[in-house]
């Protein structure tokens, strides 16, 4: 049994769904999930299909698909083998809560991915990596060493064929080169309900503004700070009794869950990105 | 332009989606929404499709559909003309908050339905019906008059070709006859998070049990009390400071929103019922 | 039986709570609610006390309180007779959902206030005011008539001894003069999770940014647009499937509940304002 | 500087608050937190006070308090030295998510307690305990060894002067003897929104009933199964697409947060229990 996931997007046109589903049926596939979305303003069509085949030559299916459908509808598309686990690199600094959360989920089988390594600009979290038996690379970053540090990061990422990167409270600006190489493949967790409180110290800003609800936002990294496509957000109620320390503690729980949810959406190929926004097929 | 909504369910089989989408394409239809669900345990397939046609003979489409697909896949199915607004009767007693909420939404164009009349076993809410220009029938119910009251209700419902009934805090047990006639078409709002606190006085039970969260549940009426298929639920946080009056006030907001959401799902033909549960295609 | 509510704030000092509670006991009062808060950064003390007296001369209590406590602790304070219902003026434009919601709660006894009148710059909502038997004044506002319109508003507000104003989706900038007269007494509902999406058309901005959660914020009006002290916020989850119309519809429910909650906090004298923030004693 | 927390409850009477706050002022204490609650139906008064003293003899304060106040008002009361960290024993079986969560929070300094040991009826989680350097005792429980196992548990608990016990998904019924010794001091996490789905396999029951929201409940253990005083609850939205595995995964996040919140309330002496309910002073 072979299971594949298809992501398609193109200009909205008549007959796409019928053509694609017929194509799968013609290849003796059984559709187990289909969802689609049309952005009416932009006139763009999105579809996500999971289908099962008793036996399937991925190469043949792929070349047929290209021949029969992609050219006809001018599709942008991705095909994934559902058994293939993507490789996820984790970048951290000193905060441990998101790392603990991710590794806990990973070891309980909740995340269908491989974690080839963890990179950090500090040594503090090495013991956690050791406990979970994940290789840990300490790559310090300073103004003068920034370029070399990035080169080292890139080398590791490429050597391990990393598919996507998770910034689990990594306290460094990611370089343009990395962003370009891993477009819509670097997931960040920002500790506010974006676009409120862009930038550093959002909990301090939240306290100052006197909000009654705080949030966390997971998004893909783009060139513009904290402005990339939002994958997931969640919020929690607070009050005037919350000190800055209370906000940070409460926020940690949000950060963990929001980041974990975004990672799962990405791993399960549920996210499509366009126009700096995401379509997420639950 | 003609727009239709199809609801289908049957045993899960290969090729259903391809066959149905091809059928629509063959009739020059454009699918604007498709969602499907498979209950893996029960092996049942559910699908909901909205499609648009430049022109369409409903009769011909329906008979073709039956001929080509229904028999082949042993489908249960429903087809709806999207322009046709269902007729919704409202039953109330003395509480006004759900009625105000429904009629407010109705007059702002949020509910795509007709409201031919309101029935009540009390006269109290007649002025509200008058304000919104909806016919109001006062049909008192007592032990001795229950049968006659139901006969009157049924006559009104049939005379106006009512499609579904909303019990907006109607404080009477609905008769078996009505339930049978309007199977999965009588929407109730229960003021608790079912299955917690079945029966009368759920807020009193919630207070006694000391719960930290209260809820409301909208469900289709079945023979067994408060046990029908759940359409929508929502909750709100409470604390030890809440008196019974506070719980009731807080609960009213839940009841309004949960009932309104359930009504909208039903009107927009998003709900399918099986095994005393609902599939809701958002 | 006389019931009063005291709000106190001053520099944090030792012995305030003991002094105030002793003062009330000395006047044969029974405290039924006490809550306090200290802003540790600013070193400010806040307290709210409800107490009951078999009989009480408000004048004598007030002058004693001033003599014994206010001067000693350099307090800012307010005393309220719990039976006295504040007078609330409502300003609206064309949107009816918040008005329906407020008047529905008012007529079911949920709001302990008087509503002497509704002011609008349009005639559209007059029938709703009529249905609920509340005087409605149509005061059109245009660039050239703005000054006269405000003069009329102020005259009405003063003539009726209005205590506070609710802007129930009133689509006009309130004048500086009004803001100064009714400092921390003009409650607005903003249709976003402030400080995200300040200004007009927040739902359009939310759609463009691709947020996964929308919000509503009720705050006191200050000179700076959408920047006044936040009283209440709430949020709802949305997805890529939401059109601008869907966001607006979903947001309406938030606006209603958030505004109603803020109004109730204000009426029940639960809000204290300082540093452009609120302390809310639940 | 000495900081203490007082919990008081007694029949509601005039003058309690004034008397207690005066007592603290007379001992040169500064109140930094005060909250109170009256159960109007039962006529019971509850109060929680935190106060600071430049210097304080706990013995003298305690004996004075007893002499001056306890007898006069027939109080039940507890006094806590805020610097004293309670000792928390953790009981687990095979599920690791709650244990990871608790130990992660513990090592980041979020929980102001000591953890003298972990007890389990299985060996599976020993490595986690080792990673965090917490002693781990494997005490298997079978029908025939139940009594001996409990004796071993009790011996450990007493030897270490354990203050309270957390059942972090411990899959055994706790004995009556333990419950009596640690009344309102054994915190359990139940994986449903109690009182819905009492007993085993609540996620299976939730799936069968077709609920749209699942929950988790943390409560003190009493003789009656899943019926003890509720400390904290939380919920998450689900849909027809959730398999039993999805519900369990989603539920794990609820269990972790609800249990952690309950533990923090208990550690910070914020919980008072009466009538099988809790008063929680936030």
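The chains carry the letters A, B, C and D, assigned in the order they are written, with residues numbered from 1 in each.
In this text, a contact is a pair of C-beta atoms (placed from the backbone, for glycine too) under 8 Å apart; a residue touches a chain by one contact, two chains touch by 3 or more.
If you want to know which protein each chain is, UniProt gives these names: A, B, C, D = Formyltetrahydrofolate deformylase.
Only a predicted model underlies this, so the values are computations on that prediction, with no experimental measurement involved.
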If a chain touches subunit B and subunit C alike, it appears here: A, D
Pair exhibiting more inter-chain C-beta contacts, A-D or A-B: A-B
Distance between chain centroids, defined by C-alpha means - subunit A, subunit C (Å): 42
Centre distance in Å when subunit A and subunit B are each reduced to the mean of their C-alpha atoms: 37
Shared interface positions of subunit C, touching two or more other chains: 241, 282
Contact set on subunit B toward subunit A in their complex: 14-15, 17-19, 21-22, 24-25, 28, 30-36, 38, 237
Touch list for subunit C against partner subunit B, complex: 96-97, 100-101, 104, 107-108, 110, 131, 241, 249, 253, 257, 260, 282
Subunit C-facing residues of subunit A, complex: 37, 40, 193-197, 209-213, 215, 229-235, 239-241, 243, 275-280, 282
